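Order as written gives the chain letters A, B, C, D, E and F; numbering starts at 1 within each chain.
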Amino acid sequence: MQKLVSLGEILMRLTSENNLRFSQADKFEVVYGGSEANVLITAANFGLNTDLVTVLPDNDIGRTAVSDLKINEVGTGNILFEKGRLGLYFLEQGAVNRSSKVIYDRKNSAFSEINREWFNWEEILKDCDWFHWSGITPAISQNAADVCRDAIETAAAMGITISADLNYRANLWQYESDPPETMKEFVAKSDILLAGHYACQQFFDLRTKDGSNKELAERLKEKFPKLKKIAVTNRKEINASHHKWSASLFNGSDVLESDLYDIFPIVDRVGTGDSFMGALIYGFQNYDDQKALDFATAASSLKHTIPGDFNRVTKEEVLKLVEGDRSGRISR
Amino acid sequence: MQKLVSLGEILMRLTSENNLRFSQADKFEVVYGGSEANVLITAANFGLNTDLVTVLPDNDIGRTAVSDLKINEVGTGNILFEKGRLGLYFLEQGAVNRSSKVIYDRKNSAFSEINREWFNWEEILKDCDWFHWSGITPAISQNAADVCRDAIETAAAMGITISADLNYRANLWQYESDPPETMKEFVAKSDILLAGHYACQQFFDLRTKDGSNKELAERLKEKFPKLKKIAVTNRKEINASHHKWSASLFNGSDVLESDLYDIFPIVDRVGTGDSFMGALIYGFQNYDDQKALDFATAASSLKHTIPGDFNRVTKEEVLKLVEGDRSGRISR
Amino acid sequence: MQKLVSLGEILMRLTSENNLRFSQADKFEVVYGGSEANVLITAANFGLNTDLVTVLPDNDIGRTAVSDLKINEVGTGNILFEKGRLGLYFLEQGAVNRSSKVIYDRKNSAFSEINREWFNWEEILKDCDWFHWSGITPAISQNAADVCRDAIETAAAMGITISADLNYRANLWQYESDPPETMKEFVAKSDILLAGHYACQQFFDLRTKDGSNKELAERLKEKFPKLKKIAVTNRKEINASHHKWSASLFNGSDVLESDLYDIFPIVDRVGTGDSFMGALIYGFQNYDDQKALDFATAASSLKHTIPGDFNRVTKEEVLKLVEGDRSGRISR
Amino acid sequence: MQKLVSLGEILMRLTSENNLRFSQADKFEVVYGGSEANVLITAANFGLNTDLVTVLPDNDIGRTAVSDLKINEVGTGNILFEKGRLGLYFLEQGAVNRSSKVIYDRKNSAFSEINREWFNWEEILKDCDWFHWSGITPAISQNAADVCRDAIETAAAMGITISADLNYRANLWQYESDPPETMKEFVAKSDILLAGHYACQQFFDLRTKDGSNKELAERLKEKFPKLKKIAVTNRKEINASHHKWSASLFNGSDVLESDLYDIFPIVDRVGTGDSFMGALIYGFQNYDDQKALDFATAASSLKHTIPGDFNRVTKEEVLKLVEGDRSGRISR
Amino acid sequence: MQKLVSLGEILMRLTSENNLRFSQADKFEVVYGGSEANVLITAANFGLNTDLVTVLPDNDIGRTAVSDLKINEVGTGNILFEKGRLGLYFLEQGAVNRSSKVIYDRKNSAFSEINREWFNWEEILKDCDWFHWSGITPAISQNAADVCRDAIETAAAMGITISADLNYRANLWQYESDPPETMKEFVAKSDILLAGHYACQQFFDLRTKDGSNKELAERLKEKFPKLKKIAVTNRKEINASHHKWSASLFNGSDVLESDLYDIFPIVDRVGTGDSFMGALIYGFQNYDDQKALDFATAASSLKHTIPGDFNRVTKEEVLKLVEGDRSGRISR
Amino acid sequence: MQKLVSLGEILMRLTSENNLRFSQADKFEVVYGGSEANVLITAANFGLNTDLVTVLPDNDIGRTAVSDLKINEVGTGNILFEKGRLGLYFLEQGAVNRSSKVIYDRKNSAFSEINREWFNWEEILKDCDWFHWSGITPAISQNAADVCRDAIETAAAMGITISADLNYRANLWQYESDPPETMKEFVAKSDILLAGHYACQQFFDLRTKDGSNKELAERLKEKFPKLKKIAVTNRKEINASHHKWSASLFNGSDVLESDLYDIFPIVDRVGTGDSFMGALIYGFQNYDDQKALDFATAASSLKHTIPGDFNRVTKEEVLKLVEGDRSGRISR
C-alpha cells in the first residue's frame, strides 16, 4: 500500500482522574484525538504510510495537538494552522452501573471553518491509494461537508479505495443540513463501510429484524452497490466496566464472524471503534478477510486497556492475541 | 416536604492512594464526611431542603469541613464553631481478599463536647417535617446522646417524622453508657428505621433464624410499635472488590424487595448505607413504597462507584438505573 | 528458628503509572526488590529473624535500596557497598488481554561483580539455621554463581536447612555457563524446593504428562534424593487482570493441595512467588505441612493486591484468610 | 453595608503544572474565576454580603463553576443556567525572564449570549448599596454591554454607589463596538474607579507625562466629574517571578500612597488586581481612605502567594501585614 | 562517643501541597517528625550512635512513624507501642508575606500518657554518654514531665552529658503546671543549652538589652552554673520565603560567631533548629568549638532546602559548605 | 542553511520531584536528552533543518527516546536501533546552598557500542552544511570516538562548517584513551568552538591569568588556527537557585560581550549550555556576530526556566528578551 489519507478534526480531551465526577475534579488529564486521527495512528503503528488533512488553531495548543501524530509518524504536511479555537470535550470515566459522561465543547472550532479553496485534492491524493472518512466530518459544518465531498469525489475519480465509518453523533449536524442526504451521497461513493445498526436507522431509515448483521449488510449492499465490504462491530455493554466485543464482516458473499472478547475491567473505551477501523484497513492490505477481521477485533479489544484515544499496540501484540493467547502473561 | 434536619458529626477522612497500605503512603487524600451529613447531601442533591446541626472546631480545618455541604446546598446555619479538634480517620482501601482498614482517631472531638444549652430545638425544627438521626451520635459521648435525645423528643412532640439508622459501631460507645437502653429509648420514638441483623443483635438482642429480613422487621415492629417502615440492606461481600447489593422494605404489611446489583469493581464503599437512607427519605416523599425502595437501592448502588463519602448522583441517573438500564453506556 | 539468611540481588523497579504504556510515561514509580529480598521481608514480617547478603553500589541510589529491608528489620550487616551500578528494570502494567511488559537493564551491576573473597560464610551463617537461594543468583554471573556455591556448600557442611526457588529466567545465564549443570549441583545440596513445570523442563529436561504436580515432585525427589519437601504453585492466567492461584506440596509421602484463590482484579503480580516462598518457610517453622501450605498460598494470594515487590501483610491477615474469611470486610 | 452586587462572567482556567510549557502538559489544573467573581469573593471573605449576576452553561461544568462562590458565601440566587459553553483559558506560568502565557478560548460562551430580558435590575438591586462592574463585561458582546448598561443605569437611578475597574483587554471588544464610547458612558455614571495608565490611553486617549498617578487621577476627575475616588495600582515587573507592588488613591483632594511590597517569588499573579478592588470596597466601608488603600494593597500583595484566581485571606492576615509585620513567621 | 539518647514525641505532619491553603487541599503530604527525633536523625546521619525513647500507638500508623528512624539507623529498641492516638499537625506552607500556618492536634496522644513505671533509665542509659531533651517534652503532660525528670536525674547521676533545647511552645503546657519552675529545675541539671531570647523571657523572665547573645548567655550561665556551653541561633525573617541565618556559641569564656547564610527561597523551614542541635552535638564530639558551631550552622542552613522534618545531608555536604563553597554547583 | 547534522547519545534522565533527595523519592520524572540532541532541538525550534545520528536500544524505551526529536522535527532517519541498553542518569534538584546531584548510569549503552561500519558519512552529510559535535561523544568509548573522527574528517573534507562544544566530563573518558590527544585532533579540524576555562585546562593545559575570556580565545586561536569563532559562557553561581549568566564571543578580531542575566530562581539548569550552542548556530546563520551572541545568551537564559533538557522557546520569545524586555509580563 502506498498511502492512507484521511480528513478529520482533532479535539482536546480533558478527563477527570480516577473516576472522579466533574464536580470533584481539580485536574484534567489532557490527550488529543479524533476519529480519523485515531484510525491513522492505529494504521501507522502497524506500518502503513499515512497522512492526515486537518485544520488546527495557530497557537501553542493547536501545535501541541499534532505531537502524537508526529511521534507515530502520521504525515502532517497537509495540516493547516489557522485562526480559531481547538474543539474540546470533557470526559468523566464511569464505573459499573455509572455511565461515563461526555460534555462536548467543539462548536466554532478552527476546523469547522475549513475552506474548500485551501485544498488541492489531486495533489494531496497523488501517492495515495486509500482514502478514509467518517460521518463526523460532514456533521461538523457545511464547510467541512463540502471539503469532505471534494475529497471523496476526487478520490473516487482517481480510483482510490474509499472507506467510511458512519459514526453517527446526534449532537452534531447542527448547521442547516439534511444528514441522510449527505451521508447517502458520500456512502454511495465508498467501497468499504463500518456500520452500526443505530446509525443505519438514523441515516438510512434501515431497520433489521433481530439486529441481524447479515441482513443489515445485505440491505446496505443493495442500497449502495459500490460497497465491497461491510463491517459491523458488536458491543454488549454489561455495564460501564465490562463489555463483550466482537465483529462481523460481510465481504459480498459471506458474513464472517470474529472471536468474542470479554473485556473487564475496561481501562479506556474511547477510540475503540477507530482502532478497529485502522486495524481493518491494515488487515485488508496484508491478510485474507477472516484474518483481517480477527486482527481488527483483537487490536480493538486491546485498545480498551490503553489510556487515551490512540491504540498504542504493535502488530506482534495483536497477532499473539489473534493466535489465541489471552493469558496476558508478563512479557519479559 | 419542607425540610429534612439531622444532627451528626463530620470527620476528616485520610485515604492512602491507589490501594497502598498505610506503611507505603506518603500522601493522604482528604475528604470530609459523616453518616448524617452523607444522608443530607444525598437528599439535597435530589432536591430536598435540608439542614445539618453539628459542632466543628473553630479553625481553618473545621471551616473547610463544611465546603461540600455548602456546595450541595445543605443548610449550615445551625453549625457551631467551637474550641477543639476535628475527629478523623485513616482509610486504607483493600482489594480482592485484602480488607479495607480503618483507624479511627475521633475521640475528644469538638462535636463530642457538644452542649445541650447551645441548641433551641423548637427553633431549629420550626420549618422541618422530617428529622433523621443515626446510632453514631449517641455513641460518641454522653453530651452527644443528650443533645440527640433533646432533638428526638422535640421532634416527636412537634409531630415531625423521625427516621433512624442503627449504624452499630463497636468501637464507639466508650463513655459510661448502656447502648441498648439508649437505643431502645430513641428507636421507640422513631417512625422509620434502617436496620441490620448484626446491629439488632447488639442493641436489642434480637436474632432471626436464617437471617430473614421479614422476621427481623416483624419483631422490630413488635418491639417498637411506633415504627411504620423498616428497611434492611443486604450486602453480600464476595470480597473487598465485589459486592452484591439489594434491600428489603417492610411497610407494616408487606416485605418489598429491590432488584439485586452486582457491583464489581467497587470504587468506594464508604457512605453507601447513608446514600441508601438519603435516597429512601427522598423516595418516600415522591414515590410509592416499592419505587422508593428501588430508588434508594439504585442510588446506593451508584454510590459504590464514586470516590469520597458523598453520593454525587442526580435523580435522572438513579431513575435510568431504576428503569433497568445497567449498560453504563457513555452519556454524551 | 534462629535466623534465615539469603544471598541475592536487589533491583530498582521503574513502573509507569495507571496502566500507561512506556511510550506514555512521564513518570515512573520507584520501588526496590529482588526475589531473595522479597522472601526475607515476607518472612521477617511474620516474625522470623533474617539477614540478606548482597552487594549494592556505593552511592545514594544503592543506599536507598536497603530502606525497606531496614524498615522491615531484615538484617543488613552483611551488605557491601561497592563500585558499580544498580541493576534495574522497567515495568508496564498490562490489563485484561494486554500483557504486562518488563524491560530488564541489569547487566554489569555491582552485584554481578561480587567477589568470593569478600565473604566468610562460616561467619555469616554462624547463628543461621536456614539458608535460601534462588536460580536467579547463579544466573547473573560466574562470580555470583561462585559465591552462591560457597554459601550452599558451607550451609550444607554446617547442617543448615537449604531451600531453593528454581526461578528460571531465560534472559539471564548470559555468561559462559551450563545452567543445567550448575542448577543440578546446587539443587542436589538443597532440602526444600519451590519448582515449576517449565523451569524443570529447562533445567532438568524433566517433563510430566498432563502437568501432574505429583509426578513432577516424585521425579524431582528421585533425581535429588536430599530434597525433603517440594512445592509447586499453580497459576492459571485467565488474563492479565485475573488469575486463579493455588499450590501443591509434596512432603515425601503425600501431595497436599491448598485452596484455590480467584484473584481479580490483580493489583500487582510481581513478587507473588517470593511471598509464597517466604510464607512457606515461616509456615514450616510454625505449622504442620498442610497449614504451612495453606498459609503460604493465602499470603501470596494477598500479595497480588499490594503495590510493589514486597508482601506487606501481617500474620493475622493471612490467618483470617486461611480460616476462610474471603469477605474483605472493612476492618475497623 | 447591605449588599455588594456585580455582573460578570466566570471562566474555567486550565493551568499547566510546575512551570511546564503547554507543549509539555499532560495535565491541567482546573480553577474557575472571573474579574467580578474574584472581587466578590475577596469582599465576602472579609465579611461583606455579596451577590453575583451571571450566566453559566446548564451542565455539570457550569454547575461546578459556582462551587467556590457557594463555599465563600457569595450569593448565587441571580445566576442563570442556560444553553451554551463555558468560556475558558489556558495559562502557562512563566518564570524569571519567561513570560506567563494565556490562550483565551472564551468566545460564544453562554454568558456572551446573555439577554436583557432575563433580568429585573430593580429587583436584583433591591437590598444593594454598591454595584461593581468591570471593563471586561461590555467587551464580551453587545448583549453583555446592554445588560451592563441596564445594571449601571438602574443602580445610578437608585442612588447606589457604583465602582468600576477599567480592565482593558485588547483581545476582547470583538463585536462591532466603539469601546471608548461605551466606556465613557459607563464610567461617567460611576463613583469609584480603579484605573491604569495604559487602559486610560486606550479608552480615553488620556496620556500623562512621566506616568504621574496624580495627573492621571486629576484628568479622569475632570473628564468624569461624578467620580469620587480613583485608585491606581503600580506594578513594577522586575521579571515574571518578581514584582514590586503599591497603589495610589486620589480621593478628590489628595493623592494617598500605600507602602511598597516586594513580591518574590510570585506564586500566582492572576486576580491580584481584582483582590485589590474587592479589598478596597471593603476598606471604604470600614476604614478611612488611607487605611482602605493600605488594606487593599496588603490584601492584593498576599494574593500573589495564593494559587488560583481567588484571594483566600482573612481580614486578620491582611491587618497584620498593614501593621507592618512582613516576617511571614509561622503562625501556630 | 558511645551513644546519644533522647526522649520525645513523634508527630504526623500533614502538609498541603504547593503552597495551597488548607481550604484548597484535597491531599496532604505525610511525614513524621518531632524535635528530639529530628536531633537524633541528624546526628545519626553524621555517624553517631543514637537511640530514641518514645511511646507510639500500637497500630499501623504508629508503626509507620518509626520507619525513618530505622532507615537512618536511630535505635528503636526503647520505643513502646501502647493504646492511644498519634499526635498530628497540619501545615500550610506560606510564601513571601504570607505566613505558614500550623494547626496542632496533638492532645491526648499515646505519648502524653507515658508512664514512669515503663522505663528503667539506668538500663536505657547504660552505654550512653550524652542525653538530650527539649522543652517540648515536659510541656506535653505531667506524665511526660515526670518521665523527663527521671531521665535527666538518672543521666546526671550517671555523669552523662546533658543537652537541652528550650523550644518554647505557648500552646503546650496545658496541664496544671508551672512551666518556669519545671524548666529551671531541668536546665539546672543540664550541661549544654540551645536557647532563644523569647524562650528565656517566657521561662526565666530573662530580658536582654538590644537582644545581645553575649548578655543572654552570660546571664544564663549565672543562673544555671552547671551550663558549660550555650548556643543561640539568629533567624532574621525577611519574609516567609527568605531568612538570614547564623548562630552564636558561648563556651564559658568567649562568644563565637558563625558565618551568615542567606536562605532564599526556603524549601522547608520545619526542623531547622533541631538540625542545628543534632549537628552541634556531633560537632562537639569531633571538632573544636568554632568548627562545631560552623558545622551546626551550615548543616541547619542546608536543612532549609530539604522537604520534611529530617535533615538528610551528609557530613561531606556540610563540610563543603563550612569550607565556603556556596556555589551549589552540580555534583556529578 | 541546508542542514545541521550532529552525532551524539541520548540518555534517559530520572529526576526526583520537588527538590526531594534521592532517599525520599518514590517517583522519578522521566525526560530524555543529550548534549547534541539538545543543540539540534533548540536549533530546529528556531527553524533550522536538522538531523541526529545516534544509536538507541531496540526496545520500547529506546523508541520512546526519540519522541521529542520527532515532535520538534529533528530528522531521525539516521538513528539506528540496536541491541543494548539506554544510558541514564538520576538527577536530584538542589536549592540555595544545596547542590544538585547527578548519578550517572550510562556505561555499556547501545550507543557506546556504535560501529564505524554502520555509517556512510558522505551519504549522511550530503545535504548538510554544518556539522556539530561535542566532547562527550569521543569520551564515551573508543568506538564512539572513531565514529566521531569519521564524521569530522568527512565533514572537513566536504567543506562543511564544523562546530564543537568541549563539554569536559571528568567521569567519562574511561576507556584507554588520551583525552587531550583526541580533543586536539578533533578541535584542530573545527571552525567554531564553545569553550570553557576549566575544559581548556583539562584538555589543552591552557590556563589564563584572571580568567580572561579574551586571552583564552586568543590562545585557542593560536593553538587551533582553523578556528574562526570562539564562544565562552560565563556562569556565576551565587548558589544552586541563583546564577548570573552572560557570554563572550571572539570572532577573530574582537571579543564581543553579551548582556548579563540574573536568573533567580532557576527552574532547570540542565541543557543550558546546549541551548546556547544551538541558538548560536542559528544566530550565525541569521544575524551578525553581536546579535548572534545576544540571541544565544538570551535563549539560554530562558532555558533556565524550562523543565527538562530541551529549550522549548520560540524565536519571538528570544528576540523580545534580546530587545530588552525582561518584564516577564503575561502574554495574552
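Here is the rule we use: a contact is a pair of C-beta atoms (placed from the backbone, for glycine too) under 8 Å apart; a residue touches a chain by one contact, two chains touch by 3 or more.
Just so we're clear, the structure is a prediction, and the values are computed from it rather than from any experiment.
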Counting one step per pair of touching chains, how far is chain C from chain A at the shortest? 1
Can you tell me which pair among E-F, C-E or C-F shares over half of its residue-numbered contact pairs with A-C? E-F
Identity of the chain that, by mean CA position, is farthest from chain D: C
Tell me whether chain E and chain F, two copies of the same sequence, contact each other through the same residue numbers or different ones, using over half shared as the line for same. different
Measuring centre to centre, with centres taken as mean CA positions, what chain is farthest from chain E? A
How many Å are there between the centre of chain B and the centre of chain C, using C-alpha atoms for each centre? 45
Residues of chain F that touch at least two other chains are 21, 23, 26, 67, 71, 101, 265
Please name which positions on chain D make contact with chain E in the complex. 71, 261, 263-267, 298, 301-302, 304-308, 312-313, 317, 320-321, 326-332
In their shared complex, at which residues does chain D touch chain A? 14, 21-23, 25-31, 59-61, 63-64, 67, 85-86, 90, 92, 101, 103, 105, 107-108
Of all residues in chain E, those that touch chain D in their complex: 18-21, 23-24, 94-102, 104, 169-171, 237-241, 265, 269
Okay, in this complex, where on chain F does chain A touch? 67, 70-71, 73
